[in-house]
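The same chain A turns up in both complexes below, where it pairs with chain B and then with chain C.
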Partner chain A sequence: MSSQNPKRVPEEASDPSLSVTLDGETVDARPGETILELAERHGKDIPTLCHDPRLAPAGACRSCLVEVEGSRRLIPSCATPVADGQVVTTANDRIARHQKVLLALYLADQPDFAARGETPGGAQACELHAMADAVGAPTDWPKMEPLRVGREDRNPYVQFFPEACILCARCTRYCAEIESVSAISLAGRGAETTIATADDVSLLDSSCELCGGCIDVCPTGAMTEKMPVTAGRRGHVEPEKVVRTTCNYCGVGCQMDLHVEPAANDGRGRIERVVSPEAGTTTNDGNLCVKGRFAYDFVDHEDRLTTPLIRAEDGSLREASWDEALARTVEGLMGVHERHGADALAFVSSSRCTMEENYLVQKMARAVFGTNNVHQCAAT
Partner chain B sequence: MAGLVTTFGAGAMTNSIGEIRDADVLFVIGSNTTEAHPIIAMEMKRAVHRGATLIVADPRSINLTSFASRHLKLRPGTDVWLLNAMAHVICAEGLVDADFIETNTEGFDAVRETVARYTPEEAEKVTGVPADDIRWAARAYATTPKAGIYYTLGITEHTHGTDNVYGLANLVLMTGHLGKPSAGMNPLRGQNNVQGANDAGATPIFYPGYQRVDDPEVAARYEKSWGVPLPREPGLNLNVMMKETGRSIRGMFVMGEDIVLSEPNAGALEERMNGLEFLVIQEIFLNETARFADVILPGACFAEKDGVFTNSERRVQRVRKAVEPPGQAKADWEAVLALANAVAEKRGLTPWRYDGPAAIYAEMAKDADKFAGISHDRVDREGGLQWPCTSPEHPGTRFLHEGGVLRGKGLFTAIEYRPSVELADPEYPLVLSTGRTLYHYNAATQTRRGVGLAEKQPVAFCEIHPADARARSIEQGDLVEVETRRGKVACRAMVSRQVRRGCIWMPLHFAEARANLLTVDDGDIVTQTAEYKVCAAKVTRVAEQPAERDAFPGSFYAVAGPEQGTIH
Partner chain C sequence: MPDDHRRAAVPDALERAGGLVPGAARAVSAETGVPEAHVWGVGSFFHLLARPDVDARVCTGLSCQLAGADALLDAARGAGVSCEGVSCLAACDRAPAVLRGRRVQPDATAETLGAEVPDWAGTIGPDGADPDRLAIDLAGEPDWSGTAFAKAEAMGADAVIEAIDVSGLQGRGGAGFPAAFKWKSVRGQPDETRYVVLNADEGEPGTFKDREVLLRRPDRVLEGLAIAARAIGARDVYCYLRGEFEIPWKKLADAIDRVGAAGLFPDVTFHMHAGQGAYICGEETALIEALEGKRGMPRLRPPFPTEHGLWGKPTLVHNVETIACVPAVVTRGGPWFKDLGVTGPGTKLYCVSGHVARPGTYEMPLGVSLEELVTAAGGYVGMLKAFSPGGASSGFLPASEKHRPLDFKSLADVGSMLGSAGVVVCNDTVAMPWAVKQQLQFFEVESCGQCAPCRIGTRFLREALDRHVADPRPAALAQVADVSWEMNEGSICGLGQAACLPLTTAMKWFPEEFGQ
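Now for the complex of A and B:
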């Protein structure tokens, strides 16, 4: 069995048995898949806003409309299953006109700061604007007065700009279907519809687990990360450096992308935010938990140890150079070795450290000091 | 871990995280998955949405129990009774997979004889789980082909932890739920690289890749490879090391671990720490253990170094340097390398040379078949590889034991119930268990420094059942003292039906209310893993109550669950 992690297509659904005409070409379709999934498999680029491969289709944003023979109206490809003999067109003038009008309307409803690309939502902040660009939507339509009003929430991580919300309900569906806590939902009616917790309480007092999935799925940056905002780093900037790495908390091993500002902290670099990789590409399927997504501020904490320390005669700790600290360590450990033998030494290594580091510690215990008294701190 | 190696020939999750979504029965025991492994819990919940049956066995009502078809709310420490009774039902009702047992296992007869005595009715008396629920769970598990077992520390952190693992393995073997997708036996690892550290040989009995130190052939290979004579006797386990601290252990090196906060019966350990002649620690923050250190070396965090972590599903994945460590802090591998070479020089040994973590990994893989096909290069290209992966062409292994148990024959082990070492008594009438919460992480030196996580759970707390609280005039948020034979700590009372009557529960993370001052350090007979999950305690309301009660936000799940299983 291959250990690769391809997009997960349910095994039973993989034998093609339907025939569909897609943009003039006859292709095999899998029973149960949507027109969007079929089109994506065949390299078509259909714009989507409310679609997410992890969620049940909502058909809410109307950006993915296609033409199907026999249907007078354009229909949402994300919510329509394939059928044998279907004739589908994914691109023509009528569809292009629809996309331009739709996106122009969305843009007219966006606040000015969002139009300037200033929602601090990371890469996804521009999904809506990028799509408007791509379809060539006019940007000069008169602005509508956004009715949805914001509310302060004392939670530390998630900031909501209701003005920028297009009500695609990706966040609420993610919250219900994937994180399964249903902390947020669509609330209010008509033009006042917005995203809220039950009784409008803070996320901290709701069933929210602060996984931040709502931020990750939001196509407009309306749900966005609060820490950069709090730190005054508002405004979306393309990250200068993106580093794919593995979460350092639990044994799930989620993959994550660290967005780094290399010049910050006097050239040490600073993690600006943590973003989950695209759904379907890694074990965590685009998801992260509260620790993985948000608990990175310890990296720059002022309490970090920055120099070796040595216990002085009077019992206090004083700063020392590496050479001095290493010399003292050799003397200390070898002293015990000489007085009591190798097995009077114990080496505790760490399940938090890398495999290479653990390898070196056990090799040091065995090969350099001559003892098998080595164990990592979490043997379970 | 040892239990799994004995039974199957490999100590790791048999299956993959991605397979959870397609499972039809999930039997989760001793794992507060939503809090300890949130993304695995997410997959379990997705399986439930798809129609899978979730069975949770846990003394507490945890978040996952609200998604479960049945919650087996057993008394702490009675797992062997529950598991043997399930095996009893499976045998008695003829639900065993006779073909699988015949071709792939040995030792079944002894187990069948033993479990014959563990009837569901008797089990109900000991565990508090209704006999019908035990029957139902056993049938659901045994009769569903895609049925997987998932467990964590709630199973292993007992004096009978290895027995618990054997008990689970017996269920897997008698039903043949092994060597196929979405089934198997899956220990979920607590920390990010528990699996990797074990794999790398950071254990007193194994070289890298689970090769025994007392196997002369293995030792000879490593002596040749490393160019030095090597000790042939297994070393001391962590729990024994801690007990021998200041006695036969006189010098210690500790990397990235706050032993004083994390190890059980910490008060006694602190006293013994004073008997150390020399202690060096390598850390990113000053911690409790630092109070005893002679030298403290500044380490680097995961974002500041290169290497690999191996997750619970045996997947080797890269850790990549994104920022520089602060000041003179160094990646731990650089520090260990410098230290090893300084000692080597003094002892006249050849110094080690590695130009980086990739070279270190390559050396490890060269002598351990399981990882022979894995390299940094390949992981960079392919994005993660699951061992066993024995050659550069090998694609890695999604689930183990396909087409036969690795060990040759899966080993049944008959087990008998032994009570936990310390049971409740008139003086200490409550059973204390300890564990982890979503918002903090082990010693919490990292998470409690975050601006946000501390906000959700800023103070230490102890969960207590409403009836037990009432009997002690304790109200929600009161300051209470939790005391055991080993020590006492003060914290806030969280009155909650999450815990069974007669049981209390505390998180491990808080330095000002160290649950490990309370726990017993008796270890499992095989692994020596300490019994964090059961000890006898008493709780009293502190007479003087501080003014700012409001500061106590409680837990996320403070909402009382339905009362169940309160037979006491």
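Now for the complex of A and C:
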């Protein structure tokens, strides 16, 4: 939110023209890229928590600090551009000690439930605990007094556990920089700093669009899906099955990963949560909207139609096979066409259809029936 | 109005709205166009805005605690006054201090808490000093002639900067950075929109010298700012005064009106900005963020403000005392200033409080010892045990260091620092763990919360000390060395880097009091 550093986009096309010494090896660097980006391109594993390549660097979590020759202090690789002749060290005893103690402090400030892996997604999904394991941080430090208390928020989708929050500000920066919504902000000061809406109102009463991006970017599970929590399923571990699919709420074609519990619902399976694929891998670049991320309970809803129904002369509905139902539809449409002509027919398709399906509807209207009476609900 | 200036209007708008009362964030958002959550984020950062309904804020700085601040707070609570503790109010020489509204009440007692607070100033010295050997001369009559400015105009920018360079003037806010280096850097930037910022957010516990300069020599401050602005090529000067400086604010505002009416410094425009309660805004990049109307969280450096400061423009930020030295440097010359000190260039405003006879602000040659300073201040009260030489951030030194020169280098050599030269003296009635706790609590409350080493580390150390006091076993302090090391290595700004020093220095010099 307050970073003074403009977002840097590495110029992929430009010729590498800078020479940097990275852990003793001379490598080519691209003008404008950060030390972190350079190191990642060269297979270095620098830990990060507040970094998101889509956001302006904050340098706040301090996990990515490296040594640069000529600088007395460790410097944040996520926020520091490469420079010609720079000598960078990403791993040595000093950096290892820094990482261990930093992560030990983070863990001491985490509530017990997080350590037990009871955030939705489990300990393995918590970047913080995975990182603490990876750097070998001591885990036996005294726990700190809990300070930040939770608030009730009647919104149905986003749950915030402030005591698990590490103030990396990925959520607030995502909300401002990617969504341009700015519903939440860092609030308070010092150890009591937390994430809040204006006047601590419910997200429903703020400018929040409930896209759930704050959940997606959170490295600790402090921001999480409310539905598994309210259903009493907080604490489950890694999903048994992940299904990549296309969101069917509109024609954009966002990709989404359904986390599925296959054994639930008498073996029919149940969606536990919907997660956006990693940023940079699909067209939606890690984003989803409120419908894609949260409006999946229709899948198992008791009112959902799962077989075609045909209405009889007396108005009653009876179940039918797909073949029979399609035959009845053809019969009805052709009947109107024959009796009243092509322009007696009109076709309206849904914005929940894919682009391809919408194309086929207009093709059918024009090529099969010969009318231009075709419309799509999102066109108005 | 450009977007960034609308954001800058947020703190003032919140103050006009009566602080962060329900609905204020929404109203200020509508007025400024800044998203309401961001307005909330700003308001909740600054304690004068976040808790507007407090009638009395009792200073919990070390000197005020030595003077019975806790008992005063209890008494006020007992009397039904809406009150809370607050970090150092820069009135350590008149302890205990209480903030009433935005006016600091000195020498407060439970009985005087409801009384009107007249304008006041502190004790200055030393007695009998030669005004021709003082760079600031707090006791001197204000000089509205503009002589130094006129001389600087005649000399030209390069000669002025050269004089500053020769004088050896170092920043008096805490870091001791050579002033001329900053002036040259700003002047050398390609961007021709440049700013001068006055850092009057004095809040380091034990420090109150800038208050005295603003009260007694606002002429020096404005003339110094005007000379600096002309030398670096700036037209606009932003004066950031802490919100608790109601009386100094009035003095400076009157002085600005006076020089404006006299046309003393043509082409220089002074703007005043009130802080809203946050020690960290004395850190220059946090101050710039606050001036821009944001949460006062320090920026990553580089880039430094000289290159990328206020609204991204090259900016010269100076402490009040530093800038107040400039007119004398220009008038009397760099060599004169350099020669004033004992072990370093210039005179220095030393603040001394705690267990001394005449707490106050003493302008003395840079490099005097504690012994010389306290002699000027009337001697110790009781038997000297320990002292904090330069604010909470400088940690503690034992009585055996009382002859060490109080300068930037000598104190750094012993793992401390001159800092803001806010000297707090503790006699042998003071238990070091208690004294350390006052300082650690200060840093815990005043950490901006941005980076983990400081946000978590300050609280971790305070809790460790509490555990030690409750049950003095070595295990309680087992992590102190690692955490202190990490706070110094990993924090973004000087607050976190130094916040461990009260504990680590006390453990070093008084190990027996920490079960070591």
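Following the convention adopted for this analysis, the second predicted complex is superposed on the first by the 287 of 380 C-alpha atoms of A that agree within 3 Å, B and C clash if a C-alpha of one lies under 4 Å from a C-alpha of the other, contacts with A are read in each partner's own complex, and residues count from 1 in each chain.
Everything below uses one rule, namely that a residue touches a chain if its C-beta (ideal position, glycine included) is under 8 Å from a C-beta of that chain, and two chains touch if they have at least 3 such contacts.
Just so it is clear, the model here is predicted, and its values are computed rather than measured.
When both complexes are overlaid on chain A, the residue A:185 reaches chain C alone and has no touch with chain B. Of the two partner chains placed by the overlay, only chain B lies in contact with A:252; chain C stays clear of it. Legend: residue contacts after superposition of the two complexes on their common chain; A:322 is shown touching chain B, with no touch to chain C.
In the overlay built on the shared chain, the residue A:55 is in contact with neither chain B nor chain C. Legend: residue contacts after superposition of the two complexes on their common chain; A:165 is shown touching neither chain B nor chain C.
By the touch criterion stated above, A:214 is placed in contact with neither chain B nor chain C.
More residues of chain A are in touch with B than with the other of chain B and chain C. Of the two partner chains, chain C is the only one that A:65 touches; chain B does not reach it.
Residues 1-5, 207 of chain A contact both chain B in one complex and chain C in the other.
Chain contact summary for the complex, chain A toward chain C: residues 1-5, 59-62, 65, 73-74, 76, 79, 94, 97-98, 101-102, 104-106, 108-109, 141-142, 144-145, 147, 166-167, 172, 176, 182-193, 196-199, 206-207. Those residues of chain A lying in contact with chain B across their complex are 1-5, 8, 10, 155-157, 177-180, 204, 207, 209-211, 227, 241, 243-255, 258, 260, 262, 265, 267-271, 281-285, 287-291, 294-301, 303-311, 317, 322, 325-330, 332-337, 339-340, 342-380.
Listed in rising order, the residues of chain C touching chain A in the complex are 22-23, 25-26, 29, 35-41, 44-47, 50, 278, 289, 294-295, 297, 299-300, 303, 308, 312, 444-453, 455-460, 463-464, 467, 479, 482-483, 485-486, 489-492.
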